[in-house]
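Structures are listed in the sections that come next.
Below are two complexes that have chain A in common, paired first with chain B and then with chain C.
Up next is the complex of A and B:
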């Protein structure tokens, strides 16, 4: 086990706490860089979605995980970014310009949402962001001169410095990866700066933060703006990846998916956004795989345990019928969310930390280390 | 003028449905400070139960209604026991996510069992209209308005006049203190979920003749009932109904007088405006912060 001796504040906020980080993350980055030459094109496509979802996840973590402001409206920010890109592209604006413009516009709109959100907390904020998302969705459907209404907009192939980058090319993947890595590094730096410390202070106690001299209103608006801007950048990539956008892609469902990303990944660390994004994006192919292959596997298992071929065939058709039931995916989705909230509130990254600590402390690990305190006394209404 | 009154009445009827669902939100919130995002789906499930009893088994309307309410009350207790009780005391965010997950689950299961078609329940109010002069009022809408008024009054009296109601308010203020005072908090929470599921079922059954029952009805109406509860100030029973009626009337008026597209957005614009001016909703209590 490695012990880190921290003798001053600079030691505590180091971006790279020890050399092990360079090795592990270097290997990870190398693997990600060679991925296009190893993985199938389908998996590559999923990996691009992982990058985009993880970018949104990081954005949402800044707002929800670190500033403590819940938002069920991030699909709206993604939509604004995507539509800005699609609209500016029609007038042959180059990629770097509309990429930045989309982030800027979304950031400004995010700040505008932040102002009314200043007075709202908890459930009122959730409903306000839902309202915003529904209003944006309706505007996208109705403002036909700009958004082309419900017919949607076609997004032309990305062209970067005169080179066309098709949406399934390795270059596009590298672009998404670069955006994700830059976002993560930027956010890490943000979080160890005074601004990030102020965010965390607001999350933990608004009153305490204010009495320590933190300008709560300013930092809340900042948090909204930064989170929205990052989501806007992700929106541009999202639009290019899908090559076609329409209002029904940016529903409340998508906002909930983003929340699930950070919930399943873990809301207390940026690792959570990436792990959650992998989980959410990969669950689809995984369920399809189960649906196609599970009946055969179960029948095979039954056969090895001595079931006759007729019974095995019967089991196979029963399982296949069950697996192809309409809506099974939604049910599994629901069960996964509930199970995570009940049994692993710290998310996948929390589980990883627990496993790691178990081996580090091997005979001495105790479960109570990660036990959260239940609060029955303090009423959240009075916060 | 006649158009206006006609729109007003249909808006009030629609609003009462929102109000009924919002009542369920408020009940659970009042007693446990849990925001139940699956409330609309409980309503949907109640509607399906009633359909099974009345439409498929051919029971009398009132018996089927009562059966559905009883079954859903039990289901509400079950849902509370399995999903909510283990995470009581944790931050609100966890509980919101758990109920969102529950909603997903219920919607899919209902779609699997009852299919995705629109179902209809034959009720004594399905046909017939009341004519006052040249004003035409359908019985199904009037029944919703009447039922909402009755339920709202009963629940208000229950919360403010009975021992159990007082116990519920106490456990919402401070669960631990309520527990020390001898209130069986777990049972109280369980009963609240039963009541709110029962109220949701009433909404589902009354709604059946107006907007048919299908597996997504809970999501659609829940998203309207939620602003209703917030508009009234989460935690106020009359507020929920007033908020629901306001949302219903706004929606109905916007659909009639404003260009297409405003109907779905107008309630949310009003909601945002109200929240900006009065963050606690219309009837919410303004509580001072304690440090």
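Up next is the complex of A and C:
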């Protein structure tokens, strides 16, 4: 176990507390850089989605994790970014311009959503953001002159400085990775400066934040705008990755997936966004695998335990029918959220910290170390 | 003109007059205590000053400026800091970041500078950090710098709240029951700190307090309230002997 001896105020500010971080994150970055030359094209494609989802996850963490404003409307921000890119592409706007324009426009819309959200907290804010998602989805379907309606829009291959970057090329992956890394670094910078601390202050006690001179309304709007803008950037990459966008891709389910990203990853650290993104991107092929293979496996097990071939076939078809039920995926997502909130509220990153501490303190680790102690319960709060 | 002044301050909740035409003035550099039975309107006055409530009528002046209509976050920018009766700390943040929020009114950096963490931001962060360290030293909070608030005992939290208010380098500090929930030693410490704040930092103190021994030790003047009205005003000894005050406390 390493003990840090701080000798300078710089030690409280710097992003890399000690040399161990350089080694571990350096190795991680090196692995990510050589990934395109090692991994299969399928896994690379998944990795690109991990980068995009993690970027949205970081955006959502800024708003939900650090400012405490829940949002189920991030699919709408993603859609706005994606459609801005697709629309501007029609007029041969170069990539850097429409990339920035998409972020800017989404940020402005995010701020506009932030204003009415100032008076809402908790569940009411969630409902307001859900309605945002529904409204945007509807607009995308109806505003045919711009969005092409339900027929969707084709997104041309990305062209960066005269070089075409196909969606499955290593360059596109590096682009997504760069956006993710820049987002994370920017967010870390924000969190160690007054704005980030004001966000956290608003999350934990608006009254106290206000009496310390934090303009709560302004910072909430800022948080919405930053979060939306980052999601807008991710939306551009998302559109390029899919090469075709239509309104039914940006449904409420996508917003829920983003919430899952941060809930499962852990809402208290940016690590959570990345871990959650890996989880959500990898669970989809896993569920597909279960859906395809589980009926056969269950029937096989039944046959081994002496079921006749007719019964086994019957079981197989019934399980297959169950596995292809509509909305089963949503139900599984729901169960995953409930289980995580109940049994692992700190998320995957919290679990990782516990495992790490177990080995650091071995054999002295106690299970209660991470248990939150309620020494003092607030009796009354100024709201 | 007085340093801080409340004129005919009233706060009505429907028919209930929580604060009823209260006028008082605080001189620069003094420690003024507000005492009174439960529900007398002491905390309501604080919440009026820090603009959590909007006064039904009356005006508040600070340094000859009318602050009655200022938005709540501007009150802190003017140099009025406060603590809360039922501790309002940022539970899931470290002590250090709680105290740094206290520095918020002095932060001048822009959002884009912070995103890039430019050298100017780094420099101003170090200034904030140094100021916070001075307060940490003053209030003996060294062992807790990197601890989360949610794991700290009540007495320490109370001190951290005082520290957070001091970090904003206030001109006037509002202490809402600084000794509630503290044991005898902690209350002693608190009384020393309150006097230090006055003598070393030159802070003017307005304090709501129930512990009469603390009030006697630190206050220059005392105001007694009951049912939202001022009963008596004067030196601690005078107020305690005032017949209306005795009646209010003993029910005679």
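The rule is short, and it goes like this: the second predicted complex is superposed on the first by the 321 of 383 C-alpha atoms of A that agree within 3 Å, B and C clash if a C-alpha of one lies under 4 Å from a C-alpha of the other, contacts with A are read in each partner's own complex, and residues count from 1 in each chain.
As a working rule, a contact is a pair of C-beta atoms (placed from the backbone, for glycine too) under 8 Å apart; a residue touches a chain by one contact, two chains touch by 3 or more.
Because the structure is predicted, anything quoted here is derived from the model rather than measured.
Novice: Considering only the touch criterion stated at the top, classify A:207 as touching first (chain B), second (chain C), both, or neither.
Specialist: Touch status of A:207: both partners.
Novice: Go through the superposed model and pick first if A:10 touches only chain B, second if only chain C, both, or neither.
Specialist: Second partner only, chain C.
Novice: Which partner does A:190 reach: the first (chain B), the second (chain C), both, or neither?
Specialist: Touch status of A:190: second partner only.
Novice: If you stack the two complexes on chain A, which partner ends up touching A:268: first (chain B), second (chain C), both, or neither?
Specialist: It touches chain C, and chain B stays clear.
Novice: For A:222 in the superposed arrangement: first (chain B), second (chain C), both or neither?
Specialist: second
Novice: If we overlay the two complexes on their shared chain A, which of chain B and chain C does A:364 touch? Say first, second, both or neither.
Specialist: A:364 contacts neither chain B nor chain C.
Novice: Comparing chain B against chain C, which has contacts with more of the residues in chain A?
Specialist: The partner that reaches more residues of chain A in the superposed model: B.
Novice: With both complexes overlaid on chain A, does A:34 touch chain B (first), chain C (second), both or neither?
Specialist: neither
Novice: List the residues of chain A that touch chain B in one complex and chain C in the other.
Specialist: 207-208, 372, 375-376, 379-382
Novice: Which residues of chain B touch chain A once you look at their complex with the stated criterion?
Specialist: Counting only chain B, the residues touching chain A are 29, 33, 35, 83, 86-98, 100-109, 111-112, 116, 172-177, 179, 215, 223, 226-227, 230, 234-235, 261, 264-265, 268-269, 271-272, 275-276, 279-281, 287-291.
Novice: In the complex formed with chain B, which residues of chain A make contact?
Specialist: Result: residues 64, 70, 116, 119-120, 122-124, 126-128, 130-132, 134-135, 138, 141-142, 207-208, 252, 256, 259-260, 263, 267, 325-331, 333-338, 341-342, 345, 372, 374-377, 379-383 of chain A touch chain B.
Novice: Considering the complex alone, what residue numbers of chain A touch chain C?
Specialist: Those in contact with chain C are residues 9-10, 12-13, 186, 189-190, 192-198, 200-201, 203-205, 207-216, 222, 226, 268, 372-373, 375-376, 378-382.
Novice: Spell out the part of chain C that touches chain A in their complex, as residue ranges.
Specialist: Within the complex, chain C touches chain A at residues 47, 50, 52, 71-77, 81-82, 84, 86-93, 96-97, 100-105, 107, 109, 111, 114-117, 121-122, 125-126, 129-130, 133, 150-154, 157, 164, 168.
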